[in-house]
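Input: one structure, supplied below.
Going by the order they are written in, the chains are A, B, C and D; count residues from 1 in each one.
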Amino acid sequence: MSANTFGHLFRFTTFGESHGPAIGCVVDGTPPRLPLSEADIQAYLDKRRPGQSRFTTQRREPDTVRILSGVLDGLTTGAPIGLLIENQDARSKDYETLKDRFRPGHADYTYHRKYGIRDHRGGGRASARETAMRVAAGAIARIILGDAINIRGALVQIGPHSIDRNRWDWSAVDANPFWCPDADAAEQWADYLDDIRKSGSSTGAVIEVTASGVPAGLGAPVYGKLDAELAHAMMGINAVKGVEIGAGFGDAALEGGENADRMYMDGDTVAFRSNHAGGTLGGISTGQDIVLRFAVKPTSSIAQSVETVTVDGQDSEIATKGRHDLCVGIRAVPVGEAMMACVLADHLLRHRAQCGS
Amino acid sequence: MSANTFGHLFRFTTFGESHGPAIGCVVDGTPPRLPLSEADIQAYLDKRRPGQSRFTTQRREPDTVRILSGVLDGLTTGAPIGLLIENQDARSKDYETLKDRFRPGHADYTYHRKYGIRDHRGGGRASARETAMRVAAGAIARIILGDAINIRGALVQIGPHSIDRNRWDWSAVDANPFWCPDADAAEQWADYLDDIRKSGSSTGAVIEVTASGVPAGLGAPVYGKLDAELAHAMMGINAVKGVEIGAGFGDAALEGGENADRMYMDGDTVAFRSNHAGGTLGGISTGQDIVLRFAVKPTSSIAQSVETVTVDGQDSEIATKGRHDLCVGIRAVPVGEAMMACVLADHLLRHRAQCGS
Amino acid sequence: MSANTFGHLFRFTTFGESHGPAIGCVVDGTPPRLPLSEADIQAYLDKRRPGQSRFTTQRREPDTVRILSGVLDGLTTGAPIGLLIENQDARSKDYETLKDRFRPGHADYTYHRKYGIRDHRGGGRASARETAMRVAAGAIARIILGDAINIRGALVQIGPHSIDRNRWDWSAVDANPFWCPDADAAEQWADYLDDIRKSGSSTGAVIEVTASGVPAGLGAPVYGKLDAELAHAMMGINAVKGVEIGAGFGDAALEGGENADRMYMDGDTVAFRSNHAGGTLGGISTGQDIVLRFAVKPTSSIAQSVETVTVDGQDSEIATKGRHDLCVGIRAVPVGEAMMACVLADHLLRHRAQCGS
Amino acid sequence: MSANTFGHLFRFTTFGESHGPAIGCVVDGTPPRLPLSEADIQAYLDKRRPGQSRFTTQRREPDTVRILSGVLDGLTTGAPIGLLIENQDARSKDYETLKDRFRPGHADYTYHRKYGIRDHRGGGRASARETAMRVAAGAIARIILGDAINIRGALVQIGPHSIDRNRWDWSAVDANPFWCPDADAAEQWADYLDDIRKSGSSTGAVIEVTASGVPAGLGAPVYGKLDAELAHAMMGINAVKGVEIGAGFGDAALEGGENADRMYMDGDTVAFRSNHAGGTLGGISTGQDIVLRFAVKPTSSIAQSVETVTVDGQDSEIATKGRHDLCVGIRAVPVGEAMMACVLADHLLRHRAQCGS
């Protein structure tokens, strides 16, 4: 019952604001005697790090993580793992204009209404900076899951421009600044985003995250369903407005005969002719790939001037300065992967608890 | 950390299988001295009850609920409220063919893989029958929320057929068997579903649920976000494959300037020019209507014969007999409303705990 | 975060008042494919049942339990197990005098202050009747623990009269109405309690509960310590005022050299020269017997007239009629055993989750 | 379901080992707009700090706490409060002899059995050093409770030497190195402990903690009882072996008429003739002082040589070097106060959630 804790058996608790001295995380429930180093975590943080292309925020944060506890001689001890990243490049003065008015579409207004106080500097707790800690926790989750489970994310739409799924190539994902599996689309996107920048606007995106090698049986009906917890995980990422599993919203238009993933024996193994289910049935994994997508809205901090109100209740306008992502969807790719890893690791432990393997 | 419990402060725990002697629920955390009678709950159960039109399952269940505890002289006492519905019309023999094979798209297979045992009769625990208890809990949640908060659901798409939102009329919703706000669409849907029945198939749907009158400030960043918990709640309903809030997946295609819900003062009150956000920013309610949609896949139990495998690992086929919903989306409308009510009631109490009002 | 739920992975949620239609319980997290019948549970309920000697309440409750879900063909399915006991012999009119005044030492007053409403009939939710469901859950917990773990309780003090530990004989426990391991003491106690009854009073007791065969390694530092959760479990039983593990309060008077349980190798096994620790170190089981004691205060419902106040704030007196236990400690023995079983089963699953065996 | 998290609505999560780089804590659920500075926390940390007299460990730790998040301009924001203390004076080489053998009575052995790995340096996670973070969280809890609630602890027994309760003087508590309310006893204790040190041993103690000004109505029956959660809190402190509330174990020897805390009207207020209950009935506060005691065993790290076994399963002996407390009970006083504050703050928020004030 903590708003800043995610997960049940594998669980992490985060703290820290965008412009505070540091952000941090406590990862609890990790099995003992797993190999873990700061480098294991840093590799994923580097993927999410800002300022790696002209399409993401130019804030320069090395995001160097320190492990403060829970690891001895390179092995987890079963004790909680404390992680800390010190903030380096916080320019709070860029945010002075945000002190007395609200960015439409931003959490500025709702934090003000909920708490009667808000840390306006860089979005405070609502900043996407918090997601660095999800990525760190996700790196540990991957170690629990082991090499047999492979989690990968990709950007499949940016603004109105979708990829051509026939050109899907996982090797392209690391070769462009968008994590885009369609190399041709990536080129088109670069131009599109340059235009968006010039217009002082921003844009939305759709991310797809896949997990291969997940054994059948993970998930906990009826309120701890694997897909429900994945939906929770993804919808909780900053700016996400929709989540779908497998055929998702497209499933609504199908007939039962079309949707059914026919089953057959492939030697001794149960196999499926299709994967409309996206790897879960009744909230439990089938053994097929877990496939989900989530939609990210356009960044609400934009250079364009927008009608708004002040903290004192006056009509006003706002044009946001500071260094912002043109499309927060890009850096949401490693975050979505991390949340997938965390949910699966949690369910792996929960399944072992109840069912013994 | 219970798979059969939903919520944090307002929380309910359900039990029972489709063909067992009874289904039940314990609702905990209800404030004391609220008026509550069985009739208050029954009204919503009747809305979900099977067999009310030719488009839903013909199983005849009166779904009569008994309050076993937590209420004295018509008022809640603050003690847990035990609820019980005895099953009446369970024809387990209809399900004998399901004993040794799996329905593609159904939880049959995954329960088998997870637990090594499954109650095949009517879907056991995975049956939509469980949702009766969500509706019962939702009825209590509505009493906590009070009359100022109004929660309503509607079916906005069935198969490939969407409503015309220009014809939206809440008064139409109770006047057709689909909870459809577009009277013309409802007539079209009746014909479409009759065709689906004749073909031995089933179909999917999209449901929209709205909550009006929700005060600003509900929600708990960053892992207890209102929208994230709503996504969890809706994705956890049987057969749901996607959830979106506000503009949802459509938001991905927008630019920041288009998406921003401009703010202005309407007298002393902050108002918004649009509601792309769907009533939440940063996981906290804005005071605008909460608006979400969820997609339901077609019923996996269909009369058409479908390729499958047996429990013993043989290729086989299955054509499901028994009494099933042509479109589980129809009866999911009151369930979606109930889950919205439960999430909001929980957050109302959580907000009061931390912020004091 | 539910006040009516106990445990984490093996957890149960209870409901019901002393004079309501029924009491019930949902047991969640049970591993699948364990043999379970109503008779397995009834055996322990019978041990706790009222009216079995002249020393306990004369209320006649058969306490017949029904399993409503979660079991198929005599095996657990992994789904929640719903349990129900209908109340039979509730004479609410005996309690009319309690409606407008408070029994000193009873929860009457505090429920009134907390909730502004209370079910005065037989103590409502605060009645020891609720403990029947703890015993039922404990019976299931024992099945999870298996035969290698043996949990036994005994009454070791009643009023000022302690047993002689040199006469401890487990076989005596079932041969007297007090679960007393010292047959001589039991005879003395019978006389003592007859005197207590004649004086219209009641008396306290101390219960000792032991678990043998618990493997080393159960427990979860630092806030989920085995001994801390046992303390929670026992202190939460009605009328309990103190809990101690191993040497307990006596430990305070010892020097480090006296207290240390010296370790040595007994063949390949680590053994201990003593068990001051009571089977836990650092909140984790050592493999020695878990040994704890808890103190029960005298029943607060007594025939003697006692100074009190009314609901309306007037000075008054009260002499409690109705059928009450002379010493609630007697029937607390099976309850303490049950709570021990529940805590251990929960930790067994939690240990398996994190440490894998 | 985290072993390193305490509390429900007001909750904290700790991490860190005795000889790691730092220990830390995340405090979640704090209401917004409360005044909070590092000095508020430091004041209580200084009370617990080692090396303040010759009777506690000579390790020199300034225990300087940093607030990393959740506070803006001296006010809480409602966001999680990250706290960090860097370890300064860790002499790990003192612990080399502990690497291959177990201290009888210490968690060395059980961590080894549970995790198959242990941080032997200074007790690792099992070190009482972790309790610094409980004290820090307790300081924040006190701010939530406000000035009307006064929490005080005292040492009432050391080894076999109890205080004379007739000499109880709260002002004496801060005037001796034992937090002893009986100035005469404190002098006697100094001599006793000097003897203990010379003999290379250690000793146990009993601590009493009182909370005044607690309103009636806090507590959450039946498994979230105030006294049960206090028992959990206190038994979870390092080396604690017993907890009692009010008359505690002494209650077992009383008759009902003796134990009843008679009630009368003191003007418009309900008053009590005695407080055997220790301020709770049915797990809910009565408005009287909450009074509890807990017993601490003698420190298990002693200079005397004691029979033990090695990690490799050989008989051996151990005499612990390093800097240890002669009586961990002394520094447990502020820890017990802190845990009392945390439990009460949690219940204050929980009560407000359900009952609205």
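Criterion: a contact is a pair of C-beta atoms (placed from the backbone, for glycine too) under 8 Å apart; a residue touches a chain by one contact, two chains touch by 3 or more.
Only a predicted model underlies this, so the values are computations on that prediction, with no experimental measurement involved.
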| item | value |
| --- | --- |
| Longest centre-to-centre distance from chain D, chain (CA-based) | B |
| Between B-D and A-D, the pair joined by more C-beta contacts | A-D |
| Distance between the centres, which are taken as Cα means, of chain D and chain B, whole angstrom | 46 |
| Approximate Å spacing (C-alpha centroids) for the pair chain A, chain B | 26 |
| Between chain A and chain D, centroid-to-centroid distance (C-alpha), Å | 39 |
| Residue list for chain B, restricted to those that touch at least two other chains | 1-5, 8-9, 14, 29, 32, 78-79, 114-116, 125, 221, 350, 355 |
| Chain B to chain C touching residues, read off their complex | 1-5, 8-9, 11, 13-17, 20-24, 26, 28-29, 32-33, 66, 68-70, 72, 75, 77-82, 84, 114-119, 124-125 |
| Residue numbers on chain B that touch chain A, as the complex places them | 1-6, 8-9, 14, 102, 104-107, 109-111, 113-116, 125-126, 130, 157-160, 196, 199-206, 216-225, 227-236, 238, 241-265, 268, 270, 272-273, 276-278, 280-287, 295-300, 302, 304, 306-309, 313-315, 329, 350-351, 355 |
| Complex contact set, residues of chain C against chain A | 1, 9, 29-32, 78-79, 221, 349-350, 352-356 |
